Amino acid sequence: MTVDRALLTEITFHVRFAETDQMGIVHHSVYPIYFEEGRSAFSREHGVPYSSLEQMGYSLALSELNIRYLSPARYDEVIKVRTWIDRLLSRGIDFQYEVLRAASDELLVTGQSKQICVNRQGQVRRLPEAWIAPLKRKAGIE
Amino acid sequence: MTVDRALLTEITFHVRFAETDQMGIVHHSVYPIYFEEGRSAFSREHGVPYSSLEQMGYSLALSELNIRYLSPARYDEVIKVRTWIDRLLSRGIDFQYEVLRAASDELLVTGQSKQICVNRQGQVRRLPEAWIAPLKRKAGIE
Amino acid sequence: MTVDRALLTEITFHVRFAETDQMGIVHHSVYPIYFEEGRSAFSREHGVPYSSLEQMGYSLALSELNIRYLSPARYDEVIKVRTWIDRLLSRGIDFQYEVLRAASDELLVTGQSKQICVNRQGQVRRLPEAWIAPLKRKAGIE
Amino acid sequence: MTVDRALLTEITFHVRFAETDQMGIVHHSVYPIYFEEGRSAFSREHGVPYSSLEQMGYSLALSELNIRYLSPARYDEVIKVRTWIDRLLSRGIDFQYEVLRAASDELLVTGQSKQICVNRQGQVRRLPEAWIAPLKRKAGIE
């Protein structure tokens, strides 16, 4: 089911020095970590903290990741990460992302990732209702 | 121009402990670094070392990255990374990757990335002939 | 010259998922990055941003790093990093750090690092007066 | 008990591009990971693989880390890491490290780390005899 983009979380933070490479820009492998930070913030903000899913014995395993790099970010810049749900499925969640330069709102990177719910044995499972319910309510899904 | 998959480089190495996360598996943000290792080895092996491209004043900037995660890798396992050129363009290179468990040849992750040639000012440029010539010869491209 | 510990910067942030390892705790190699974040925040806050030192053609190269690990941090916890100058030298700065669990102020990690000022050729140089002056004024050093 | 430095493991590998920072050198937070790679190789080579310690329900938790940075490493250089045991204790191991440029044997970084044996609850425990015995035999310790 497609969820309204209004259900969106924005975070801002400074680029870390260690995230740069010898091209003088943020290394491309850092953006999956920015996206993950976006998901963590999204889950806290919308009442479905990822840490509580883990306490219930489940994880969201990444199955797919797609990134487009438009413009580089640099050390000490303030970066904005927008995270929203593209699709909420019974056994997983698809997220989308935009990374922007906070000062100008210039779009730097876009991405999407697919996550599937697995138990501690790595078997695919339905997202536990107790965890996902607050999000469904916000999204107007019964 | 499409390049024969025969022009392929394989490397093997152990998974590092620091590459694992609290799920007990290699974190998904590590695979772009494995791919990059694949490109480095590919470029050395085929007579077009990436470090020499940089000495000529050019870089290959990532413009797109797509990854599919099939099965997790774990600490201390020996991993095999296969890297080959999907398309060789005048201003860039598209690479493809397979990451396998070396012991069983089980396929763990597949990926592709697009790189574009930029100069030190970040402007898109043709791949310098002096750098790319050995690869073209191997690939049978005039 | 020894600088008053009052000249201290505190930052707080969430532990990132990617920073954990398969022991379920923040990997020990992450704390040097937390320290660096502390230095970045310290330099911004005290009017001597590190990025402006780099624009003047200088860097602070780490020459020594010592860390003691007392207790582990975990995913999604809020962490506090305290950073202060231990010694301000003509050609370098010694920093000290404390990492605490923000909720309880439990001390998790302590550290110190020595930085030396180098130019773009990697040669040791005096810290440029134009950069360090605001810090000296705050510290009451003529 | 002090162990002979002859019980030493050397590994060599290429510096990864992602390990560089905007100073054009390997970021200082990477060396703890090189040291860890040294410990992993040491433990495999001497018949006490770290993964088997973990299977017995124990981990080696880092309690202290000290690093001196003498000279920088750069992308694609071949690096040599020497790892040896400084002290073998009933509840822990102290390791020492040297990182060298393989081409010239120039010493780049030295370090030491202290590890303590903990069980899955994080309690300090004796190193299990079944794991450490092969190492003690090699070291001539009864």
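Here the chain labels run A, B, C and D in written order, and each chain numbers its own residues starting at 1.
The criterion applied here is as follows: contacts are C-beta pairs under 8 Å (C-beta built on N, C-alpha and C of every residue); 3 or more make two chains touch, one makes a residue touch a chain.
In this text, all values refer to a predicted model and were calculated from it rather than measured experimentally.
When each chain is reduced to the average of its Cα atoms, D sits farthest from chain A. Chain pair with the larger contact count among B-C and B-D is B-D, by C-beta pairs in contact. Per-chain CA centroids place chain B at a distance of 28 Å from chain D.
Look at where the CA atoms of chain A average out and do the same for chain B: the two points lie 25 Å apart. Computed centre separation for the pair chain B/chain C is 34 angstrom, with centres defined by C-alpha atoms. For chain D, residues touching at least two other chains, in rising order: 17-18, 23, 29, 32-33, 36, 75.
Those residues of chain A lying in contact with chain B across their complex are 23, 28-30, 32-33, 36, 59, 61-69, 72, 122. Residues of chain B that touch chain C in their complex: 17-18, 20-25, 27, 29, 75.
Of all residues in chain A, only 13-14, 16-18, 32-33, 36-37, 40, 44, 49-51, 75-76 touch chain C in the complex they form.
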